[in-house]
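Heads up, there are several structures right after this.
Same chain, two partners: chain A is paired with chain B first, then with chain C.
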Partner chain A sequence: MTATTAASTEDPRRAGPKRRRLGGPRHGAAGPLFVAPFMVLFLLMFLTPLGYAAYLSLFQERLIGGTTFVGLDNYVAALKDPLLAEGVLRVAAFFVIQVPLMLLLALLFALALDSGLLRLARVIRLGIFVPYAVPSVVATLMWGYLYGPDFGPFAQLGEKFGLPVPHFLSDGWMLSSLANVVTWEFVGYNMIILYAALRTVPKELYEAAAMDGAGAWRIARSIKLPALRPALMLTLLFSVIGSFQLFNEPKLLQDIAPDVIDSSYTANLYAYSLAFTGQQVNYAAAVSFLLGLVIVIFSYVVLFTANRRRTS
Partner chain B sequence: MTTTSPPAASSRAPLSSTASGAPRTAHRRRRRPARRHSTPLTIVMLAVLAYFLLPLFWLAVASTKSTEDLFTSFGLWFSHAPQLLENIRETVTHDDGVFLHWLLNTVLYSVGSALGAALLAACAGYGFAKYRFRGDNAAFSLVLGAIMIPTTALAIPTYLLFAKVDLVNTPWAIVLPSLVSPFGLYLMRIYAQDAVPDSLLEAARIDGAGELRIFCTIALRLLAPGLVTVVLFTLVATWNNYFLPLIMLNDPRLYPVTVGLSSWASQAVGGGSGANSNMLALVTTGSLLSIIPLVIAFLLLQRYWQSGLATGGVKQ
Partner chain C sequence: MHRASFTPDTSQMSRRLFLTAAGAVSLGAALTACGGSDGGSASTAKPAGQADIDKAMKTPTELTFWTWVPDIKQEIALFEKKYPAIKVKVVNAGQGVDHYTKLRTAIKAGEGAPDVVQMEYQAIPTFTITDSLLDLSPYGASKLKDTFVDWTWGQVSGPKGEIWAIPQDTGPMGMLYRADIFDKHGIEPPKTWDDFAAAARKLHKADPDVYLTNLAANEAAAWHGLLWQAGAKPYATSGKSDVSINVDDAVSKKLAAYWGGLAQEGVIGVEPDFTDAWFSALNKGKYATWITAAWGPVFLSGSAKSTAGKWRAAPLPQWDAAKPSSGNWGGSTSAVIKATENPIAAAVFAQFLNSDPESAKLFSTKQSFFPATKPLLTDPSFAGDTSAFYGGQKVNQLFAEIGETVSPDFQWPPFLDQAVTDWTETVGTSLARKKDTVAALDAWQTRLTTYAKKQGFSVQAP
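Up next is the complex of A and B:
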């Protein structure tokens, strides 16, 4: 307990007085000027599209009368749209299964690396991290070919030894296959975030705990995990955002499994199809706005529950 | 954590029983300096490593095969007639060397975006960290909230806006949205808070240096490691970007390598069974060629990743 509070309060205590001492009105104009270029682009590239999507979503293109204001009709339609609900539910299921698994693996790998018990630790760390450098397009293409029944090595091995190999690209397996691709891509990234956080724990804490008779697992639970909390929150947040906008992987696997992945397989894929193949721009705007809202709300819920658990 | 009381010897038994597939080396007498390696744990982690390297190994092997050999030989080993050089030659010359255009485009888009985004984030992060002005907290919170806005939700309206001002199907359509990195700003602000001491700024002011000069000559240098991290982040994000260029560009000459490869992959599926097309071999070889530069850059710059991510993950 003493150790963990020392680690977590150290930071605010250091930052507190410094912030208060900061520059007064003397160089007041410089601050806004430094911030301005970023804020202007932020306004143009974030807030304007967001506002424009909100605006577009209030209209509908009709055969008679052209584009007319329809209020929230698009949203009402979207909320009732079974295709959208299906897509959102699918990514929600994906999130619930894939994210805990991925973060747990990342956590275990980070702890293993940090334990100092590994030979070749550097090679292992870099090897697990390398997939993050592989664009998701290439990752999905590779895994797609690996999964494939024609020349995928799994299918080849299965055939050779007469083993039943699941058809990875079938309806029942697709979500797991996608989860595997995403896990492969991002475990290393999350592992590095956690590992980096572990490296900042002062070594004296471990020594003190060991002196008190704590074993490696005791230290992991009582010192390392609490120290990892902010880093875990960060990885969780990134994972929420990532899984709800799942697009690249299903879009690419669509080519080789068109019967399984339809144009509304994920919510994002649906918005894309609406805008670019269906030409329903206004409805697509409403859908992407709604999807953005779902992600923001979900992120806040995740952050909030995780933070509340800390204080209780 | 719930159990934060001082560790007792009695709690060791249940703890080690929960440790499935984990080291059994939790001896209380083990000290840090006298560290011993665990062979079981190393073996487990090497198996893990094999999983992560398997697709890359497959890709390296597949790049040496003709499309025909891809179907007829075992996927995880070389065929009798390796033809890596032939595949590379075909990849870079196919369709008047469009693949080289894609690579070049990717480099231009990602380097341009990364440098621009890092500079903007450094400037603004420094401004937020070291100056107080009206509305600074509100502005920062606004940007911070935007970390959660999915970029893909923005992509469609951005496309529609860009279509109005004729930016669609130009490199700007990729670079401009990538210049704004809320997470980069967040990192730079935290970094600037610690890396640039106020006393140094005060001293420079007393010496009569202007604010801009202080930033360019003092702060920017101190911010350099954080800057590298943001450059790396944005570089990878833009390099890997697929959704944005997919919707913004329709001229294949402007494609980045991600969109280009995926277009080849669809062609390979479409005409894959036909003997006339060697498309599949081009997709695998192109994939290999496109990831080599980034993987090398990654391995060389990996310590920046770690320090940068530590900044983001520890201070919250």
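Up next is the complex of A and C:
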């Protein structure tokens, strides 16, 4: 199986240069023209703000005394900033616990839906996906209400049946409570990506496997999972980026648990607070750049280890 | 909405009106000083002459006004009727931190800032430090001094006689309490904070599900109001870059020991306010009092409908019963952005909006704002209003009387947002977690001092 996919992905690559050489002269002018709108937008909407942020991060503007050029001072300060380090470590912990759980759930749902054994598969599929359609702000407000320690439904049910319900908004539970909200929101999204990938697996493979005597589990393990690898990689990368940028959920839960979620609870929240509460835009820019760097490194590490496992 | 906002959601308040206008009452001509009918008496340099003002008010102009006040069109219509050449475009740019963040960004960008802007009292120094507000004294604002409640005028005035904004509404603090719960447990409305503490212990002991009050661990504004009442001077600025920060002085420590002690004993609540749980708690009688401001009565009557008729209002308990005092929580003003191209029209508009008797009255009837003008506070149709929610009590009159005991000397720091965040993460957290609140004051002091120094201020030692 792995040999087949490897061959099929290599084929077009080998054919590529030949085709390009053939078509080169004819499409010479049209190519850049087609790409131009993208490049203009890319330049305006991505590179320019990025460059501006980089530029900002080299200065220090103070309420008294104006703006001075400080070189890399902001970066040096940010690297030494315990609040930033704590925020990054916190989201890293969040990533390690929440992402595998969420992807595992998404994978199980995708496999179950793809197995064709479920009744009402479409309804279930939609049901799992619907939370993704709920804006994260709304989702967080809703969960915030459900978590309520006195009058939240969980607490009330617990009281009614004499069960001990944990204080979801306390220091010890907050990360799990956030993980629950994020999982609820994104399982469906990841499930759809995985499910779509599963649908592209040729039916013949299943037939061949069945003829070789493979059961449903064996097919899932030997055919479906390997076929899902690129899609899983994609969801994993999205999750790295999403986790490290964790913002909406803690920002909103801050209102109901201000003693647990402080202004530097996650790195992204910290950058926001620096810019908009402390008016330290320049330092916030440096913090954001460092956060971006952390995400790049993490993504690379994840990709690298996953690829190594694949080749070994 | 992000709750770094310093005042409660006023749009919510206004939806819950209980004030009814008991007929229009003429307030006399005392308030029509807007625009400077006899010009030129302003104390600061280059006052705008009456001729200039007349000319500007007849020139077709469009003013942009950022405000979160709902239905303010009615007040604006009055202005446009008097000055048909001027059109006012209303923009709702959000509320609280959102509003100020957008404003700061627009001012910095040099484009897109409004001419006139809604601004809470405590935010004024944060914008004067960046030199963003227009001094209104050359445009006749000085003459309005006697129209407004004394302490509000202190809040909008600068050290050199500048007038940075025109007061719109206020929030002198008082106490709303559940008469039925008090009666049931034989508790008298506490006159002093000592009585209050005793009542808190007594009530919670008698009924462990009920607390005398809730001191919200996220409400820096309420804390500042209580500091104000206790006579603390947490912030002071002299000159532009000299600031003194005394958030851990003796008065503050007394306050921290008191509230921190009650929180640690577990006889008061410390949950965040304006949340689902908190609304529910007020409805279900978990708290027997709400320490709030003059906008609180209307707000509560809309938010805790199931408890109608059971509430009463009283002044805050006192530290010294012989010298009653109170603090302020909330309320806002209209300020003019310095970069405006129409300073005269903008200044006249800000003044008219808040001092014209008819317009000011609309705020108190249509938006249920607690007035900042003296004539309105004594107006029988306002002060004499009774509310069934408060058992027929004249709540407005009570808060009007409380307003006279608010000290005019309280100052705000030029970096309010930071002060609020730091309070929540030190003092507020200590309350919520039942830790040492007095020690948390020191942490607050340290954090704020460090911040101020980093921002280039020279911080005076306390």
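The rule is simple: the second predicted complex is superposed on the first by the 285 of 312 C-alpha atoms of A that agree within 3 Å, B and C clash if a C-alpha of one lies under 4 Å from a C-alpha of the other, contacts with A are read in each partner's own complex, and residues count from 1 in each chain.
Methods note: a contact is a pair of C-beta atoms (placed from the backbone, for glycine too) under 8 Å apart; a residue touches a chain by one contact, two chains touch by 3 or more.
Model, not experiment: these values are computed from the prediction.
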**Prompt:** In this superposed model, does chain C or chain B come into contact with more residues of chain A?
**Reply:** B
**Asked** When the two structures are overlaid on chain A, which partner does A:F276 contact: first (chain B), second (chain C), both, or neither?
**Response** both
**Message:** According to the stated criteria, A:R62 is in contact with first (chain B), second (chain C), both, or neither; which is it?
**Reply:** second
**Message:** Taking the superposition on A as described, I'd like to know which of chain B and chain C A:E159 touches: first, second, both or neither.
**Reply:** neither
**Request:** Answer with first, second, both or neither: which of chain B and chain C does A:P149 touch in the superposed model?
**Result:** second
**Asked** So, A:D255: does it touch chain B (first), chain C (second), both, or neither?
**Response** both
**Message:** Tell me the contact category for A:S263 with respect to chain B and chain C: first, second, both or neither.
**Reply:** second
**Complete:** On chain A, the footprints of chain B and chain C overlap at residues 145, 150-152, 251, 255-256, 276
**Item:** chain C residues touching chain A - in the complex, by the definition given at the top
**Value:** 2-4, 97, 101, 104, 129-130, 217-218, 240-241, 271-272, 275-277, 280-281, 284, 286, 414-415, 417-418, 420-421, 424-425, 428-429, 431-433, 451, 454-457
**Message:** Taking the touch rule as given, give the residues of chain A at its contact with chain B in the complex, in rising order.
**Reply:** 1, 4, 11, 15, 18-19, 21-24, 27-28, 30-35, 37-39, 41-42, 44-46, 48-50, 52-53, 56, 108-109, 112, 115-120, 123-124, 126-139, 141-143, 145-146, 150-153, 156, 184, 187-188, 192-197, 199-200, 203, 206-207, 209-210, 212-218, 221-222, 225-226, 230-231, 233-235, 237, 241, 244-245, 247-248, 251-252, 255-256, 268, 271-272, 275-276, 281, 284-285, 288-289, 291-292, 295-296, 299-300
**Item:** List of chain B residues in touch with chain A within their complex
**Value:** 1, 3-9, 11-12, 15-16, 18-19, 22-23, 25-28, 30-32, 35-39, 41-42, 44-46, 48-49, 51-56, 58-59, 62, 70-71, 74-76, 120-121, 123-124, 126-128, 130-133, 136, 139, 142-143, 145-154, 156-161, 176-177, 179-180, 182, 185, 193, 198, 201, 205, 211-212, 215, 236, 239-240, 242-243, 247, 257-259, 261-262, 265-266, 269, 283-284, 287, 290-291, 294-295, 297-299, 302, 305-307, 309-310, 312-316
**Prompt:** Can you list the chain A residues touching chain C in their complex?
**Reply:** 62-65, 144-145, 148-152, 251, 254-259, 262-263, 273, 276-280
